[in-house]
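Take a look at the structure set out below.
The first chain written gets the first letter, and so on, giving A, B and C; residue counts start at 1 in each chain.
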């Protein structure tokens, strides 16, 4: 349950919506359409759910402009799901931890801590590293030397930030994230492999969120970058020297080889594999499990398959493939018809 | 070597088997067929390994009912591999750690610890969290607030359990597991992405085992569930609001998007990718590397490929594809035969 | 910037190269061709980059034998990239940590620590475990009982080494690596799954490097092995009883099921999936995202696809698949020509 209840009118003002019903009703919590009860607000977008919405026990329903749903109280907005998300941010604010530096934390005297910072148990913070105001660094996170963490970040337990990494403001790093481990680059000599230098850095810009156990490698030379507002799911691998733009979305377990550029506003599915030196142009959408060959330029549009093709072509080819048994059958029948013709002609020739 | 040796007769009784040979022989340890020596017990199932079994140096061999193997001592059972596993549980019991709360652990005074619990170094346990009897929480595990961990669990090093998560009895969580991180859900606004509320929880039922670095996200609203007796391998991603049934087996690196339902007794290979809102019906088997489109209902049977098809169809289509060069060749030859026919007819017409 | 600058002549001697220009110039740092400035050394291999090399601001350029580039100072060698890597090792030596055992570390009195060892904060080291000379065990790493870690290793933060594991000399384990968790093996009984014994061990040989969050499971019986000089990227899964040879390279997110053998000098791409009991013969190269069926023997050569095929065949089949629409069109046209022939013949018969 929320710690900061609001009235329907207050919530409507927040999202620029219009109240139909009693604006003084107090809302405690967001809830799904079927689970919502008294004190809850929910939302409905899809036509087929309107009947369910009418039967909902929610105290208030957020609906799309111009949609008529018979409920005692609703807020009409342009984008109900967005309004629901914004309202949830207010009703269920991120857990605030009282500013504290846990007595077990090991902080270098040469580090710099901002105001109202929370540093949990067993945290390490290295030399010449800094943490911005109101940032929370939770238990067991390890931060190396010369690391900059901005303000209003949440660094979850057991995250590791290697030396020299830069984290912007408002960044969320989920548990087990590793940023700045060596990139994967070797040169074969006579006796085996020598490490190609991995002495660059990583820059994570403002408002980025990285899922649990995701890894972002440091650049060989130069930097690996994750742009502002980009959201990355669990167990994604970002290789050395990648440059991921702003507001990019990448689903779980995708792997991005070295020196890949993904421009702003791309959407990448889960378990996608990128060869190195690919450039994905702004606005491209790549479906889950796709595979992209090294060096490829991916233009805007929807892409699918291994190797990737435009979704339309992928579908067309897939349809052709599933028709293969018929092709073979048709070919067999046609061969028989030709054999008959040949027989007829050879007979008529005689 | 085992700390709890047993005689062949005792082991036979344990697994309901029949001894052929000297039941008083003492067995210390399980071993593979080729590595077994004196004091070891091994098993044989496959016909082709019977000769190797006859030459084994094991003190005892577990064999299938009615199979005649010339060894000095054997135990005959219906299911040798299962008997071997059950015997191993007795000869090699899980490492017992003396009950202890390590002096470095940071436990909230408002937490509740059962009897005979082991809590290792650098563990954190938050407010209003509880740990059941005989559970082992190993070094560096971090447990948030309002978490319930049942009895007889093993929480391996560096596991993280986020606030509000519930863990049943007899659960094993391998190192680096993350349970209850935010699900991956955003709503696009004018300025970028807003987090869809991720305020639900996770329930892990009894006797579940999760592999190293596996992540199970909390529900957006409601709960994510892993059912009783389900076994999940390393680095599997389970998205928000998934409902995984009982006795499900999921191999390594599989990724499960949000709101997927996998019913009881399914078997899922490695590196499988699930789109969201899929329902896998009880008894379905999905081959490794398969890909399943969002919203699909997967019926019982064996499934394969991207997108998944019944295994038989997959094999048939694959055979058609590998015959493609011949199809093309046949088509070319047939075209030539038709050309000749056309020539003949045009000549005979003249 | 480097802490150990060298002259061009010293560096040329190190890599067996020949100086063209002023050998007394002092070099501080390696850098990429475009970013290099004064005091930097860079390299050029590709023909198409020679013009860029001529314009580089680097103080020295490493070039291939016999290639003529107009720069004030260069070192000519057989393998510029390898020379660059070797020079980087000298200019940017691995971070040395002053020998120290952090006062927060929890070491069993029955453990054995070599000379000049660094042990960071919140490290655990169990009973009868040993750490070789000059090894660095960074903050939060957890090492169980009866573990052997060789000399000159770097164990990065939050790594976990389970009981009984052996780590050679010169091994680098990146953050979040888990070695020796139970393999994934169960036997189905009437009530559900029983764990197949996972009581073997893991051996990591000299000069191995494992990427962040990679997991290597212990053997069921016997041992899992990673051979000398093998390099493995982030989030790779190595199942129980695998035997990976020497100088093998495995890219990120590849998954290797139980009992797979990969012989020396193989190269495996990212996101590859191996069924169990596969044997990859020395010198095989397997492309990213490939899938290999259980029990398969993979011969030397380049392999691709799901299931894997020789690259040539894969390309040929892919070409056939993309021509499918034309095949269908040709078949349609040919059918029409046959119909016309049939009409003609039936007419001429009349």
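Assume a residue touches a chain if its C-beta (ideal position, glycine included) is under 8 Å from a C-beta of that chain, and two chains touch if they have at least 3 such contacts.
This structure is a prediction, so every number in the text was calculated from the model and none was measured.
Think of chain A turning onto chain C: fitted on CA atoms, that turn is 120 degrees, to the nearest 5. Of all residue numbers used where chain B meets chain C, under half belong to both copies. The two sides are thus made of different residues. Per-chain Cα centroids separate chain B from chain C by 26 Å. Shared interface positions of chain B, defined as residues touching 2 or more other chains, are 104, 122, 140, 158, 176, 213, 235, 253, 271, 306, 321, 324, 327, 331, 334, 338, 341, 345, 348. For chain B in complex with chain A, the residues that touch the partner chain are 104, 106, 122, 124, 140, 142, 158, 160, 162-163, 176, 178, 181-182, 184, 186-189, 191-197, 199, 213, 215, 217, 220-222, 235, 237, 239, 253, 255, 257, 271, 273, 275, 291, 306, 316-317, 320-321, 323-324, 327, 330-331, 334, 337-338, 341, 344-345, 348. Note for the complex: chain A touches chain B at residues 30-32, 35, 79, 81-82, 84-86, 88-89, 92, 95, 102, 104, 120-122, 138-140, 156-158, 172, 174-176, 207, 209, 211-213, 228-229, 231, 233-235, 246-247, 249, 251-253, 270-271, 288-289, 306, 321-322, 324-325, 327-328, 331, 334-335, 338, 341-342, 345, 348-349.
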